[in-house]
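We just call them A, B, C and D in the order they show up, numbering each chain from 1.
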């Protein structure tokens, strides 16, 4: 067994995998604790130390995996996922940018790649996305068109909601989720009483498309089942197979009977 | 190859179709940019020029399609869709009405007819509508009845929500979407404490009907699957076909055996 | 043809049924118009006249149906539905009670019994209810328990929401629909910071049960499909039937062959 | 029949089970009445007496069941459920803690264990939970990560919503339910205009995962159906069975024919 194979065995052992999961969970908790001023005052150094140790373990584990699998390492998208998360975690150490520091918690996402059942769930979620591309495209197109119309028609009346295209997009996304749309509509309707047409058409259409997006996902999920039923139909049933075998035996015996009596006629029953 | 056939080949070529999609996308973006005062100040002329060029391309493409397909042009509803959108886009050029100018962005909907996968999605959405007609009718009837009752009972108490039938319809649509209904109900209940009966019955019934509307769509979508399974049952399975062929051969050989020995008896085994 | 049969033929004729639907729709519109002070001032007499004529037509039609079908009239629940609606419509004429006057619009519900497709939809909705009884019972039990707890714990703190059991029930129904629950919870949490446990547990549980209520309806709707597939499996397939017929013929011919040669052995092949 | 068997027969009799259900319902109503100051003033003693009698009946019934079933009593999880509820109900009698007194209403949950159809529903709900564990875990992970990020980025700007991790968790749970998220986002966006990215990504992702949680439940519920169809496929159809029997008869008769003529060849048709 070469050194690389030994490293692979160690990495794939249950103990190491559980240890990595434990480090991820502990690190996620310590990063959460760092948001508390009270805890930072009392145990700030400890939290930072744990954080640095956890990061070191991640780098080590990733390096070991890279050494053990070499080219194969880059074939598994989950390895890319882990590598990017660890890489992002290494950046904030070099700069004081608050956003990047806040994103350190994304390391907790490594839990997804470390726990097999979560990996499967996320995989299933992602495979559902391509089938929904057209409906998502339609939804985005609808929101864009509605936002352009709303900006032109209502931009002067309710500038705090529709003054520019980005703000209109945000407002219309909010309306699509059904949050507080009554108030937005009423603000506009004070000046343009016919504006209810716009809002109701928009809500009905976006809800209908979103509903169908939902249905697309459900139907896709169901199709696996339907597929399974159809496949079970396509493959020969064992019952019918035994019928066929028996029938072949019957046929063979009849051939015997026929051949035994007038073998010369067997091949040409038509010319009798 | 006639001139019309050559035009058809050009129109259906991948390059031309992609170019049209590109023009639609670029035009949608420029119309979006026109909503920005900042961009209009700096690049207003450019945006208007692109807009006019895009419109010219749409008119040209539509004319070419009309020339190439003649009567067949009007058989495809998507051609009607495109023709109406381009026609609407030509109107605002002749008048300064703000609403019509805002509707120019509807041109972006041409993306739906230009991208085949979007065409299919919209087609699927539209075929789902007729099956829901009865439930939608029931929902509209319920909202109308509730609005008449609410106008009569609560019109004097909360006039800003229920003074006239149209406003009641709007308020009840808002309540059906679940937006802010608690506040509306509480305003009314300050004067008529028993009003909760109306609101809760209305919410339960409209939600239940809307839920069934939803289920109707899902079940319709599923039925294609169920249909497929049932059809696969109805069509003769290849397995069973081979059993039948073999059985026919067995039968024919038995006839041979019987006929060979006492051919006169074969047709009348009963009178033996 | 007796007089009763002639009345039946007239009542069931397409023309009469469409006329009744028209009267229902016109009456629904005029009752809606009566809510408008502007229209009542100008055309109040006309609206009242139409209303009275429509009611007379309903009474006449119902009387004719009762005469034509006699005992059979009371077997169809939709006739009961119509009779009750018309009876309710006759009451307000005798008294000035505003609530009963407002309920006159319920006459528009006759549209449901007059249009066959709506009848089917409502029938389907009602058949779905018994299957959901247990889950609805569970949901009601949960809301009741939560309301008693909320009244005892939060009644003194936020009396405008939880002072008495009925008000708590209303508030908790509102929270279950997800309307404005964040504010309600925050009001309570100002005094009892641990109250988030109550609200989050309540929202998770009620949403989960409501979700399963929804699933029960979907699964019931699907079961018809599943049922159909299972039935199509249970009934003999025509394919297999022809195989069986052919096999019976083969068997009969073999009997002929066996009997012809050594008929005495046919019945007892075992003792050879 | 021993004493224990007689007790069992009595406990399982319909009359006793209905009586227990009645006591549960009456007790739930009286505990509800105790929340009303008006009723407590007038009939407080009566309510307390009913409560104590009901509790005594519960203890008695549970004791009888324990006596009748002994060890088997602890095998049914519903008995544990009843025992814990009654035990909790006995605690508040010994102390004046308001929370425990409020939890007395949990006794009404005994209705679930006493009514068989509710028992089945709750059983079905609980069996659905394990299949959703991974998706729930993913959802919790997402909310946790988002809460840490929000606390770090928005904690100083909108302290009343994001100052500490627990409050951020509550706010993000509220946003996930779609309640009032527009206002929360706008408060933050006044200081950090790019915050819409955070909120929209969070809403899209959490809604998508919650949607898939929902789908997992539906698909699980459906699978029973699919399972049933597949099983009905696997078990031998009675049709095919009769075909096989007939074919076996045909085969046996052919063997007779063959054996009768040249019995020595029957076992070795290959060497002819």
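The rule is short, and it goes like this: contacts are C-beta pairs under 8 Å (C-beta built on N, C-alpha and C of every residue); 3 or more make two chains touch, one makes a residue touch a chain.
Because the structure is a prediction, the values reported are computed rather than measured.
*Asks:* From chain A, count the fewest steps through touching chains until chain C is reached.
*Replies:* Step count on the best path from chain A to chain C: 2.
*Asks:* For chain B versus chain C, which are copies of one sequence, does the interface use mostly the same residue numbers on each side, meaning over half shared, or is it different?
*Replies:* Different: fewer than half of the residue numbers at the chain B-chain C interface appear in both copies.
*Asks:* How far is the middle of chain A from the middle of chain D, if each middle is the mean of its Cα atoms, in Å?
*Replies:* Distance between chain centres: 27 Å.
*Asks:* If you average the CA atoms of chain B and of chain D, how far apart do the two points sit, in angstrom?
*Replies:* 37
*Asks:* Can you pull out the residues of chain A that are in contact with at least two other chains?
*Replies:* In chain A, residues 178-180, 218, 222, 229, 233, 237, 240, 243, 247, 250, 254, 257 touch at least two other chains, as defined above.
*Asks:* Provide the full list of chain pairs in touch.
*Replies:* A-B, A-D, B-C, C-D
*Asks:* Mind pulling up the chain D residues that touch chain A in the complex?
*Replies:* The contact residues of chain D facing chain A are 133-135, 137-138, 141, 144-145, 147-149, 151-153, 155, 164-165, 168, 178-183, 185, 196, 200, 203, 208-209, 211-212, 215, 218-219, 222-223, 226, 229-230, 233, 236-237, 240, 243-244, 247-248, 250-251, 254-255, 257-258, 261-262, 265, 269, 272.
*Asks:* Quick check on the complex: what are the chain A residues that touch chain D?
*Replies:* The touching residues are 28, 31-32, 35-36, 98-99, 101-103, 105-106, 108-109, 111-112, 115, 117-118, 120-122, 124-125, 128, 170, 173-174, 177-180, 214, 217-218, 221-222, 225, 228-229, 232-233, 237, 239-240, 242-243, 246-247, 249-250, 252-254, 256-257, 260.
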